[in-house]
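Single-structure report; data block below.
Each chain carries a letter (A, B, C and D) given by its place in the written order, and its residues are counted from 1.
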Amino acid sequence: MLEKLKEDVFRANLDLVRHGLVMMTFGNVSRFERSSGLMVIKPSGVSYNEMTVNDMVVTDLSGSVIEGALKPSTDTRTYLALYQAFPGIGGVVYTHSTYATAWAQAGMAIPCLGTTHADYFHGPVPATRRLTAEETETDYEYNTGLLIAEVLGGAAPLTMPAVLVTSHAPFTWGETPAQAVHVAVILEEVARMATLTASIAPPGEIDKHLLDRHYLRKHSSGSYYGQKK
Amino acid sequence: MLEKLKEDVFRANLDLVRHGLVMMTFGNVSRFERSSGLMVIKPSGVSYNEMTVNDMVVTDLSGSVIEGALKPSTDTRTYLALYQAFPGIGGVVYTHSTYATAWAQAGMAIPCLGTTHADYFHGPVPATRRLTAEETETDYEYNTGLLIAEVLGGAAPLTMPAVLVTSHAPFTWGETPAQAVHVAVILEEVARMATLTASIAPPGEIDKHLLDRHYLRKHSSGSYYGQKK
Amino acid sequence: MLEKLKEDVFRANLDLVRHGLVMMTFGNVSRFERSSGLMVIKPSGVSYNEMTVNDMVVTDLSGSVIEGALKPSTDTRTYLALYQAFPGIGGVVYTHSTYATAWAQAGMAIPCLGTTHADYFHGPVPATRRLTAEETETDYEYNTGLLIAEVLGGAAPLTMPAVLVTSHAPFTWGETPAQAVHVAVILEEVARMATLTASIAPPGEIDKHLLDRHYLRKHSSGSYYGQKK
Amino acid sequence: MLEKLKEDVFRANLDLVRHGLVMMTFGNVSRFERSSGLMVIKPSGVSYNEMTVNDMVVTDLSGSVIEGALKPSTDTRTYLALYQAFPGIGGVVYTHSTYATAWAQAGMAIPCLGTTHADYFHGPVPATRRLTAEETETDYEYNTGLLIAEVLGGAAPLTMPAVLVTSHAPFTWGETPAQAVHVAVILEEVARMATLTASIAPPGEIDKHLLDRHYLRKHSSGSYYGQKK
C-alpha cells in the first residue's frame, strides 16, 4: 500500500545523506496522507546504505504499525503531533545537521541576517523552550511535537517551515518530503552563514522592508521569482 | 543569436556550481555585448542540473526579453545597472557564497589582510550602505545596482572587481564571465581567510607598500607575474 | 594466527581514513582477545595506502611481538594499559581527529549540550590532567593509558567510551574495533557541534532528564531505539 | 637536464593540489641540487591542470634561466635565498593554504598546543616581522627569503621546517620536495587545530617534557617511531 509515498520517503531519506545532513542512522523523513490518515516513515536505527524502499513503515495516527516488518522511527509520535497541529503540511524532516543543531544546542533562534534567509523563512527561525522533566519522562516524543507547535504560535507553518528544538535538533516541513528536505538544506546553510556572521561582528538583523521584499517576491500572489507554473 | 555569449554564460554558471559557490538555484552569471547593447543571462529559478545552453535569455538594456522562452533572472535589472555604470566590464556574477555572504550580512568591508587579497583587490572589498525602504519598495533590483556603483565611488571597477551588498550577497565582475567567476572564487577564499584571521587576533591590515607591490606585480604595465601574452 | 581479528583491525583502520579521522600515518586501531591475552595492532608509521592485512602485528600483554615482521604502533603500551583497566572492552581507537583534538589541546571536557551527544555518552566526555615530567619521561605510553583510566574513575567504560588526553588526542573504545571506530566518528561530530555552539552563545548543558532519556532509550534494558536483535 | 628533479617538482606541485593546499595558480614547489647549484621550479602563473613536466624551469643561483621555455615562478629569488641560507635542505614549498595563511595574516606564531604539532615542529612555528617599505620596494622576493632566515635565527632548519611570512603566507622545506609537501600538509592541519583550540579556550601550551618526548621519539638517534630503515 502507499507505494508512491514509500518511494517519496525513501528517496527523501537518501537525499538527506547526499546533501550531507545526516550521518550514521541519524535523521528521518516522513510523509502523511490526509485522505487516509496514514503516515509513511523510515524504520528505526536502520543504516541508509542497507535500507530499501520496502523497509518503509506505514502507521496510523496513533502510531500503530499498519504495514511493515520493522519498527518505525523512535520519533514517530513527534511527526504525528506535527501532522495534527499543522493542517497544510505533508512531509516532515528531522536531522542533526551540524550548524542548525549548534543553534538548537545554544537554545537560540536564528536571526534573519540576510536575503538568503529571507528567501525561505519569513523572520527568525524560532527555538523552543526546554521540555520540563515531566514532559520528558511521559510521552517524550509526542511532547516534542507539541513543543514545536507551541513555539510557532499562530504563524502559518508554511511561512516558517522550520523550528529548532532546544538541546536537540532542527525539524523542517513542507507540502511534500522533497520540499521538507529542500528546507532542511537551506536551513543548514542559513545557520552556517549566521554562525560566521556572528563571528565577524555583532550582526544587525535585515530591515523589515527587505525581508518582506525577498520573502514575498518568492512566496506570494505577487511573486516574480522563477518560471510561471 | 549571440550563441558564443550564451555558451560563455552557460559554462560560467556551471563553473559556479563546480567551485561550490552556489546551491539550489542561487546565483547567476551574465554577459554584456557593448556593440549591440544586449545581455545574455541565466533564466530565473531554473536548476543547474536541468539547465541547457538554449535556456539562456537575451535582453536589451531595458530588461525586455529579445530571445528566449524563459523569464530572465530576477536580478536582471541589477546587472543592467552595473553594465551601464561600469563601462569596462563584460561579465557579472552574483552568488550567495558562504563566507563572502557572511561579511555582507555583517555589513562590513573585508579588510586587506594579506597578499592573497592584494593579488586581486587593490584595497578592502567595500560593503554598501543599507537600502532605504523607498529604494527597496520601488525598482529594488535596479537600485541594488546603483548602490553597488555608489560604494565604488570613483574607483576603476577592474581594480576593485567585487562589492558586498549589505544584508544580501557579493557581486563580482570582469571583462568576461570567466573572469568574474574567477574573482568570485578568490573573493570567497579571501573572505574565509579574513574570518579565520579575525578569530585568531584583531587583525592588522597589510602595509600599503606590500599591497601595492603585490597588486601591481600582477596588474600593471610593470607586471612581472605569469607568462608573456 | 588470529586471522579474523587481523581482518577486523585492518578494516577498522581503513574506516578511520574513509571517515576522514586520520591523515598521513596518524591514528590507530587495536583488538584484544581476552581468552588468549593477545592483541592485534597496526604497525608503527606505515602508510594506510600501502598497509596490508598481513602487516598487522600480534603482541602479548607485555607488548612483546608474538607474530609480525613489523614493529607495532608506538602506542602499543597505551592500548595494553586500557585493555587491562577496562575488562569489558575489545577494541580501542586513537585518532588526531581535528575537533576532538582541539578540545584535547584546550584540556577541556566536552560538555553535553544536546541529544546528539546524549545518545552516545552518558555525560561530558572527560579530559585528563596533564602528565607529570616524570610520567612523560618514564614509560610514557603506558602512563598515558593509566591517565585515561584515572579520569574515568569508577564509571563503566562502555557508558563513557571516550576520553580526551590533554595536550594530545582522543581515545575511544567498544566491544569491537568497529564499535570503537563508530564512537570515534560520533565523538568528532559532537566535538564539532560543541565548538560551534560555544561560538554562538555560552552554552547551557542539557537537562539531566533529557540526557537520561536519550542515553537510556538507546542503551538500557528499557531501550526502544532501533530494531530488536 | 635534471629530468629526475623535474619529475620530483612536477609531482610535488600536483600533490599540493591533491591535498587541497592550493587553488588557481597559487603556490609553488622547487628543488635544489647542491652539486650543480641548479634549481628546478614551477613556471609562473601556469594552471596546474595544463602544466606538464617539461614546463618545469631550471635556473642557476642568480635566478637566470638555464633551461625552459617559460618564465620561472615570481618567487624564484625567495627560494634561492632559502637554499643559500639553509644548507641542509633540498626542497621548498610555498602555499596560501587557508589556516596557515590566516595565522600569517594575524602575524602570530602558531603556539605548540599538542602532540600533533610536537611530532613535526620542535616548538612554535614562528611568524616573521613585517618587511620595511624599502625591503618591499627593492628586491622584494629575495628579501622575503632573508626575512625567513632571520626569524629562524640559529635554529636548525630541519627541526623547524616552516615559517609564516607575516601579511603573506607559509613556507615549508625539507630534504626533498616530497618532504616539504608533507610538512605543508601537516602545518595546515596544525594551524587548523590551533585556530579551533583558541576558539574553545585560551590555550595553554604543551609542557616542555611532552614536546621533547614527541619530537624526539620521531626525530633523534633515540627515535622509536616507525619502522627501521
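By definition in this document, a residue touches a chain if its C-beta (ideal position, glycine included) is under 8 Å from a C-beta of that chain, and two chains touch if they have at least 3 such contacts.
Source: prediction; values computed, not measured.
Counting only chains that touch, the fewest steps needed to get from chain A to chain C is 1.
The two sequence copies chain B and chain D touch through a face in which the numbers common to both fall below half of the numbers used overall. The chain with its CA mean position farthest from that of chain C is B. For the pair chain A and chain D, the distance between mean C-alpha positions equals 47 Å.
One finds 33 Å separating the Cα centroids of chain C and chain D.
For chain D, the set of residues touching two or more other chains reads 199.
By the document's touch criterion, interfaces exist between A-B, A-C, B-D, C-D. Residue ranges of chain D in contact with chain B, taken from their complex: 23-26, 43-46, 70-71, 74, 96, 98-99, 101-108, 130-131, 133, 136-137, 140, 167-169, 195, 198-199. By the touch criterion given at the top, residues 113-116, 182, 185-186, 189, 192-194, 196-197, 199-201, 203-204, 206-207, 209-210, 213, 217, 224-228 of chain B touch chain D in their complex.
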